[in-house]
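Before anything else, here is the set of structures, which you'll find just below.
Two complexes come next, and they have one chain in common, chain A, joined by chain B in the first and chain C in the second.
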Partner chain A sequence: MTVGIIGYGAFVPRRRIRLEEIAAVWGADADSYRRGLQLHEKSVPGKDEDTITMSVEAARRAFVRSGGVDPAEVGAVYVGSESHPYAVKPSGTIVGEALGINPEVHIADLEFACKAGTEGMYLAQSLVKAGEVKYALGIGADTSQGAPGDALEYSAAAGAAAFLFGADEERILAEVVATYSWTTDTPDFWRRAYMHYPRHGSRFTGEPAYFRHITNSARGIMEKAGLEPEDFAFAVFHQPNGKFPIRVGKRLGFTMEQLETGWLSPWLGNTYSGASPMGLTAILDVARPGDLILLTSFGSGAGSDSFVFRVTERLPKVQELAPLTRVQLDNDKIHVSYGEYAKLRGKIRMAE
Partner chain B sequence: MRDVAIIGVGMIPWGELWEKPLRTIWAEAAVAALEDAGVDTVDLITVGCMSPGLFVGQEHLASMVADQIGMAGVPAARVESACASGGLALRNGFAEVASGLADLVLVTGVEKMTDVDGADATFALGTAADQEYEGFHGITFPGLYAMMARVHMARHGTTVRQMAAVAAKNHANGLLNPNAQYHLKVTVDDVLASTMVADPLHLLDCSPITDGAAALVLAPVDRARDLAGGRPVVKITGSGMATDSIALADREDLGRLRAVQLAAERAYAMAGRKPSDIHVAEVHDCFSIAEIMVTEELGFFPPGEGGPAAENGLTALGGRIPVNPSGGLKSKGHPVGATGVAQVAEIVTQLRGEAGQRQVQGASIGLAQNMGGSGGSSIVHILEVAS
Partner chain C sequence: MISPARSWREAPQRYRLEAAKCTGCGRVCYPPRVVCPSCRGRDFEHVVLPREGNVVTHTVVRVPPQGFVEQSPLTIALVQLKDGTRLMVQMADVADPETVHAGMPVRLEFRRINSDGEAGVIYYGHKAVPA
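For the complex of A and B:
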């Protein structure tokens, strides 16, 4: 049975904060962050935007592109995030309710730092492949947290991507050719219960964590699928900043031409669970029939999920049906001051 | 006193050695030195290590590492003098052999610094300053050396480009050292364009955080001749140590490093040498300004001439007095307790003529200068090829 993406959508909040605005508050050197991390600005969730609302927006767009799939026929919903609004109480139930999917559905919230989104995608496609459900929805969404003044504050951003999986041949936009995961216990980034902000192992998050897992996962899936870097039209890797995805891509043998379409982080920031999935939506927005796409996520802790997709004849027919990811990223921006950002991110202590 | 030789050198690649614990990197360097010396037992182990308690939560280090190489039973002692701990480990080993208390001594230095984050590493290093009068008021080492740099600049006209030239030169040397942490080509302009850490010191004026270990084996010269197997025998001819106040506020003169000057005087006196006799030197360039000040205190250049000397290539490989051919702390890395031992390992390698591309031609007399904190301690050793 052929399983594939039958609908996809992304949501980018309109608000942005420039790197200079953050650096000025902390007396930091904006140029060195721009050079070192290749970041210019990042998205900021508005007062009424959180992991749940962004998941709903992205998923609605996935349904629009699905050619009329009845939400009630979706048998599974997985929301991957490290910023679920509730510590106990699922995001997915609200998402399912808002989309008209409930109640005959299996729903779960997932968390695995920045790779919870691709976990949802993996589970969704696997259940469809197994014949357990007709359609399944995998979502990656985050309003990610960086401690004030920490290096993460320059990148932690907000956004969502949703993918509807199914096996109806006539609906498939991009067939799942292969999947592969590579996981170890590598404590490079964590947040314990009741901590407001995550902690990270600084440079330890680089080679032993991000680069090692992505490299092994991407090489593993290419070996499994019998493919080489030059076989792909596009590749997207987890994008915690602007620099890492290009460095790992080039190390694996990909060219800038293959990498730049899904490379959103310089102007979007790190949307954590949404990061590589949103890059995939930007690729699906422009990909042509027959194109092969490599997606490799990374989640601290640590692991990488990889997917190879092959684009079908149907994709070009649905690309324009919902807002394109780049269009959302490049237009209608509202730049906020650090003060507004602090208010929106709940960093100001209010009267009790 | 007996004449003392260094018969074994052990160096390993330095860097962010996340996959190896302290005991492992120590053992790798120790075993390399024992193999180089051709001995499998020693009478004493000395371990220079500044702060295993804060960096890896381990004290009682010397016994632990002795056991790690199957030498439980052998006397072993950790010594500490902040970033000069390695130099002190050598001086103590030297005294034991010279006095006849021991014949073979394994001198080691080690520091595992990347198991903690930047803030914790900064705190641990900060304990080498006067906590009550400096640390608790918020200053860290870049700030202390920046103040010394300001005084040196005001008094002598030393420039930021001269300081940057030190960093560029040491990185150029480090490119030739396979064990160095950072193999980077760095220009003066790169240094000046790097992030300002503590004005006038940029990021590339500062030495890095490093995991590393180094080891030496000492023996009486007569024994050394038997074991040399045709290689040059390298003797320790001078050993000098001095202290100073560890708080800058207690110094008479912020533009001087008196402990370096005193330690050097004592080492020169013991060796019967003068600054112009030295062919190659490894000095403590924890910050670029430190190398400039140290080369003046060692008498290589008159006060105020250290900066121009670096800028004009006098301390480069092929210059009048090559300084830090290993890449120095700047490029080779600065695992604080290991640094003093590694400096001497480099000088022995140079005097044996085994330094490869970074070899200082014809070097037969070398000097190593190690320093604690902002100059609260300094240790100088002079080494010579035995005739």
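For the complex of A and C:
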């Protein structure tokens, strides 16, 4: 049975904060951060935007591109995030209700630092492949926070990507050619219960965590599928900043031409569970029939999920039906000051 | 403050924009009603409202109620949707309220409306954003 993406959509909040705005507050050198992290600005969620609202909007766009899939026929919804609005009450229940999917559906919230989105995609496509459900929805969304003044504050951003999987051949936009996961116990980044901000192992987050997992996962799937870097039209990797995804891509043998389409982080920041999935939406917005796409996520803790997709003849017919990811990223921006950002992100203690 | 039970009852209209269309005269009521205000009919069918429309009129609240202080100034608009239905909604993503005007194209997006403090239920619904 051929299983693939039958609908996809992304949601980018309109607010942005520039790197200089953050650096000025903490007395940091903006130029060295810009050079070191290759970041210019990041998205900021409004007071009324969270993982649930962004998931609903991204998923609505996925349905628009699905050629009329009835939401009631979706048998599974997985929302991957490390910023679920409730500690106990699944985001997916609200997302499913808003989309008209409930009640005959299996719903679960997933969490695995920055790779919870691809976990949902993996489970969704697996259930369709097994014949358990007709359609399944996998979403990656986050409104993550870095501690004030921490290096993560320059990158922690907000956004969502949603993918509807199915096996109706006439609906498939990008066929799932292969999947592969590579996971270890690596304490590079964590957040303990009741803690507001995460902690990380500083430079330890690079080589033994991000680079080791992505490299092994990407090499593993290429070996499994019998493919080489030059076989792909596009590759997208988890993007915790602007620098890492390009460095790991080049290390694996990919060219800038293959990497730049899905490389959103310099102007979007790190959308955590949404990061590499949103990069995939930017690729699907422009990919042509026959193109092969490599996606490798990374979640601290740590693990990487990889997918190889092959684009079908149908994709170009649906690309323009919903807002393109780059269009959202480049237009209608509302730049905020650090003061507004602190207010929107709940960093100001208010009266009871 | 909305009770969790009320929020749950109103989920179809708040989450999915489900309205009631009178089978007698065709009037669309949002939120749904028990009796049609036009023909006093009591039979309705469910319809889902379109999410695109235009601002009819608006006002700016500069002294907002508790729970909305961080969103001040609040722009509240009467919006006419593509099917002619009118609804009163909060506007979101308005950088400058001075730019809001009658006829302005908007679309309804799923947003967080309010919450019962830090520990209570979160209420979701739709707001109008510049299209």
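The working rule: the second predicted complex is superposed on the first by the 352 of 352 C-alpha atoms of A that agree within 3 Å, B and C clash if a C-alpha of one lies under 4 Å from a C-alpha of the other, contacts with A are read in each partner's own complex, and residues count from 1 in each chain.
By definition in this document, a contact is a pair of C-beta atoms (placed from the backbone, for glycine too) under 8 Å apart; a residue touches a chain by one contact, two chains touch by 3 or more.
Just so it is clear, the model here is predicted, and its values are computed rather than measured.
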Chain B versus chain C as contact partner of A:Pro316, first or second or both or neither: neither
Touched partner set for A:Arg14, first chain B, second chain C, both or neither: second
Contacts of A:Ser32 with chain B and chain C, given as first, second, both or neither: first
Touched partner set for A:Met350, first chain B, second chain C, both or neither: second
Winner by number of chain A residues touched, once chain B and chain C are compared: C
Partner chain(s) touched by A:Pro208 [first = chain B, second = chain C, both, neither]: first
Which of chain B and chain C A:Pro229 touches, first, second, both or neither: neither
Touching residues (chain side chain B, partner chain A) in the complex: 16, 18-19, 114, 117-118, 194-196, 203
Chain C residues within the chain A interface of the complex: 11, 15-16, 69-71, 92-93, 95, 109-113, 122, 124, 127, 130
In the complex with chain B, residue positions of chain A that touch it: 29, 32, 199, 201-204, 207-208
For the chain A and chain C complex, residues of the former touching the latter: 14-15, 46-50, 52-53, 56-57, 60, 85-86, 94, 97-98, 100, 332, 334, 343-344, 350
